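After this come two complexes, each holding subunit A, first together with subunit B and then together with subunit C.
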Partner chain A sequence: MLLTQQSLGWRIKSALYLITGSIAAFLAMPIFFIVALSFGSSQWLVFPPPHWTTKWYERFFDNPQWIDAALTSLQVATVTSIVATLIALPASFALVRGKFRGRDYLYSLFTLPMIVPVVIIAVATYSMFLSLGLTGTLVAFIISHVIVAVPFAMISIINSLKLFDKSIENAAVICGASRLQAIFKVTFPSIKPGIFAGALFAFLVSWDEVVISVMMASPELQTLPVKMWSTLRQDLTPVIAVASTLLIFLSLFIMLAANILRKRSQ
Partner chain B sequence: MSARIYSQKWKDTSLLLPILLFLGIFFLIPLISLLVQSVTEPTLGLVNFTELLATSTYVQVLANTFLVATLVTLFAVLLGFPLAWCITLFPSGWGRFLLNVVLLSMWTSLLARTYSWLVLLQSSGVLNKMLMAIGIIDQPLELVHNLTGVIIGMTYIMIPFVVLPLQASMSAIDPMVLQAASVCGASARTVFFRVFLPLCKPGIFSGALMVFVMSLGYYVTPALLGGVSNMMLPEFIVQQVQNFLNWGIASAAASILIAVTLVMFYIYLKVQTESPTSSHTGG
Partner chain C sequence: MTTQSSTPLVTLKLLNKEYGQFTAVNHINLEIEKGEFLTFLGSSGSGKSTTLSMIAGFETPTSGEILLHNNSLIHVPSHKRGIGMVFQHYSLFPHMNVRDNIGFPLDIRKVPKPERDKKVDEILKLVQLSDFADRRPNMLSGGQKQRVAIARALVYEPEILLMDEPLGALDKKLREDLQDELRQIHRRLGITIIYVTHDQDEAMRLSERIAIFKDGEIVGLGSGTELYNTPPNAFVASFLGNSNFLKVRIKSESQAQFEQQLLTLGTQSHRIPDQTDVLLMIRPENIYVLPKEQAAQEPLAADMNEILATVEETVFLGESYTCTLVTQSGQRLMGKAVAREHTDVTAGSEVCVRWSTQHSCVYEQWSEQDIMKAS
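Presenting the complex of A and B:
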């Protein structure tokens, strides 16, 4: 009853199909339109477009500002992902295996950047980098992105470490390996999917980050979302649809990869 | 032996050093100094808070923030509930399809989705064209740069955050309980309102709380889809910092936002650990 398909009447069932179908359409519509409009010929984003064209893609790839922004994004996201993973990895070991008091509190503390509104992290770090004279630098971008990326990397690594059977590592130690050797030769290889998934999540957080980046950016140094943001405030040009499409497909690709890795680690 | 345990202990905590140093220096210190600024900038005292609560335009921002968060939570729960129900009801086929749509929407770049709504909702946009073609309206509706735009865009973004916890708590409900109610003579209506809905309550509550907290702190979507008169707290904070260099007011507003967020999150954690369904699924 209500939770099994057989017990529902056809009227409730078809109503449910209709309602959820419409909500699903509501969820999928913006994504579909943005990809379609990036190939439309209309400057004013009329749908359906009068013609199909790739001229906005040419516009995007011919403009050094967009390309620079995309490359900066890639650079910042790559370094952020590496740094966040390197910080999160030892912390995850300590939190999963440590026997000290206050572990739960530390876990909450480390996940705090996920809970505190991003705008507040943005303003706080902006204030710090302003007094250090570092706004508009790669360092400022990377440090502030690592703050929000670390919890994502950590949670993924912790999950895979919890699933790893520690007795396998102990077996290696009994067979004569040192603890460190065992960790590097036995534990790391088996939790590798979890570590990579964590790194990918961290990459994605940085790649998609808008609020902090807008605060950190200078006219000379901006990431792709910042360039989109500042262009958006002037007009809705289809070139933004191109940038959006590229963002969508890269995020999708990365999320699929991370999910495959996560499934493999379970 | 005790020395070995001691050294093991020390090693474990030393592994925390990188994260403690990093988050301590770059996250906690700036955060705390921002909070401190609210009572020290420009003079010591609660001036900023009294100004924030005494100026009508500022109070408007606060009220608007809570209004938007409340409406978005309401709509997200209303639209998320049937989705979560269907995903639980048809675990393969239709439900799986719905789940994938929800995840796809959640994974897609926030800025890209917001831009898309900006295009879809503009006066010459697809939605207005469609409504005019069907004949529902003669004049294009003002759907963007106002409260409507913010609510549509934010609800859209928040639906997945209701569906996922709600679906988890629904799938933890034993169908036999509902069966029992109907065997005992309860009508479908009664079973829904007296048995099913109360059992979903923890899931609805935690999803709603999550969405409410996230909505309070959202910047991108309200800033792009809202108008000047719909400013919310996050946009207000950024504006005070970037345009007016008014750090005192900005940090007072930030303190209020943080306080509300942390209190709500604390309640969220309490509800999560106490709810009977979360212990069934193991969290």
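Presenting the complex of A and C:
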């Protein structure tokens, strides 16, 4: 028997609604909290805020350090997203289409960065870049972010590639297109939503990344989460709430876009 | 039939395909004439689709040869074979409208725009889709999609059109309409069509010749009439249409024993040694069922056989009146040629069952699986 909504009594139904609602509220609480604080007048992050103000936003946008950090974050996330997608795309093709020994192991290897604790990746990449003298550079940020972003891009692309009917590509081939032409003219355009969703996920991973970034950062070059972290250690200011709010909203926006694209690719 | 031309268009020579231990296509030989409509008919896993895929170039044969105009195709990549193909699930390009889908083969061949547009318009008219040219595939019905796919496969005028169960996903009415359209297109363009289906009605309706596949081999090849009236083996007899099988023992050159009676056989049995057990096949529509009294009034013609049976069940189907019969030794038969006025042919009544010797076929070798109708 299926447990459908209609088959439940109103008591159970309302209880379920209540529980679901509470859990959702519990999960969303920190976000509401931080957004409210970013508009609160209290220097000490008093809740509920005694008055409402936008002066912390002015502080944020007047401080070149914050703006630099935000721009660095955008820059790193954008390049990471592009590089990760360019790596994930051919890798996904090999893993979905290829028939070779050790394919499953290769897939595990590619998704390993999702499972390995980030701290370990952070320490490993830090010591590597340290010996190369690259710490505190954009390159170091991007390479280390790409490592953790690739699996996310790949999962999305692999999914859409698996859903793609290969006979469509074969149709292009029998129409006279070479395999490569068929892939570029037919397969890629068909799975475009999946590729874009993958790119957006990769962007998000980089945008939110803090553990690795703390290691890679220098006083001159830091991403937004790193800047928040270091500011937080010095003093408590509502400007951090502002930075958090901006971070959250860009993330939410991208998440939404990625979800819409993913739905369209199915 | 089209057998007078000197070399066939396509020749398959000992074509073989193995996947590990499994033999999908077992050393088949086949010649396909220019302009013919040939159907590969078989159940799933019989090797028909694999054979088609090898002709298209999507599968590489394990061994054997595919010749087009006497030139080997084995090392020619799919996109240079100049073959058209229609797939089961339409396989239209989702990001292009109907016009660009159909124009794709011409665009790949860098056909100049005016000529390209002219050809696309012509073929749109042929498949009656001119009004839908600017639509995306997801805005079309199943039948329209498949017509676009056919148009796309025909627009660059390939010599051969391969069709892999193209109508399988459509409902019955639409399927029959498209079958008629397809036959017309074949007549008008004179193109060679190789068609794959598991639907015997479709194969009969469409094709000039049918190749029946079983376990990777072609077990029957000929026109629908030939294969139906004189099936080459018990499998084909049972696979195509309905059939009755009687186990009989050869007694002399043209006679066999069934229960206590002697039956006259056709000319096929002349070489078979006496005392051999053989299988006799008669189509239900060739089995006449008569009430005993009437049989007494109608003398048995020289080329007719007669056995006695009991009616087990009768079914009135409008165009025919079918009855299931049981012989004395318990073998079951189905008879369709029951005259309507014989209302006294009812369950339990004893009847005479007659058929003409020219309507029976004799098989020396068969397996029980062959004659069990795969349902």
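Assume the second predicted complex is superposed on the first by the 242 of 266 C-alpha atoms of A that agree within 3 Å, B and C clash if a C-alpha of one lies under 4 Å from a C-alpha of the other, contacts with A are read in each partner's own complex, and residues count from 1 in each chain.
Here, a residue touches a chain if its C-beta (ideal position, glycine included) is under 8 Å from a C-beta of that chain, and two chains touch if they have at least 3 such contacts.
The shown structure was predicted, so the numbers you read here are calculated from the model rather than taken from an experiment.
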Mind checking subunit B and subunit C on superposed subunit A, clash or fit? fit
With both complexes superposed on chain A, which partner does A:Ile174 reach: first (subunit B), second (subunit C), both or neither? second
Considering only touches as defined above, state whether A:Ala153 meets subunit B (first), subunit C (second), both or neither. neither
Per the contact definition in the header, classify A:Asp165: touching subunit B only (first), subunit C only (second), both, or neither. second
Name the contact category of A:Val186: first (subunit B only), second (subunit C only), both, or neither. second
Examine A:Val242 and indicate which partner it touches, taking first as subunit B and second as subunit C; both and neither are also allowed. neither
Check whether subunit B or subunit C contacts more residues of subunit A in the superposed model. B
Nearest approach of subunit B to subunit C by C-alpha atoms in the superposition, in Å, rounded to an integer. 6
Touching subunit C in the complex: which residues of subunit A? 165, 167-168, 170-179, 181-182, 186, 189-190, 192
Under the touch definition given earlier, write down the residues of subunit C that touch subunit A in their complex. 56-58, 77-85, 87-89, 91-95, 104-105, 108-109, 149, 152-153, 156, 162
Sites on subunit B touched by subunit A in the complex: 8-9, 12-13, 15-19, 22-23, 26-27, 29-31, 33-34, 37, 79, 82-83, 85-86, 88-90, 94, 97-98, 101-102, 104-105, 107-113, 115-120, 122, 124-126, 129, 156, 159-160, 170, 173, 175, 178-179, 181-182, 188, 191-192, 196, 213, 216-220, 224, 234, 237-238, 241-242, 247, 250-251, 254, 257-258, 261-262, 265
Listed in rising order, subunit A residues that touch subunit B in their complex are 1-5, 7-9, 12, 16-17, 19-20, 23-24, 26-31, 33-34, 37, 44-47, 86-88, 90-91, 93-95, 97-100, 106, 109-110, 112-113, 115-128, 143-144, 146-147, 150, 154, 208, 210-211, 215, 225, 228-229, 232, 236, 240-241, 243-245, 247-248, 251-252, 255
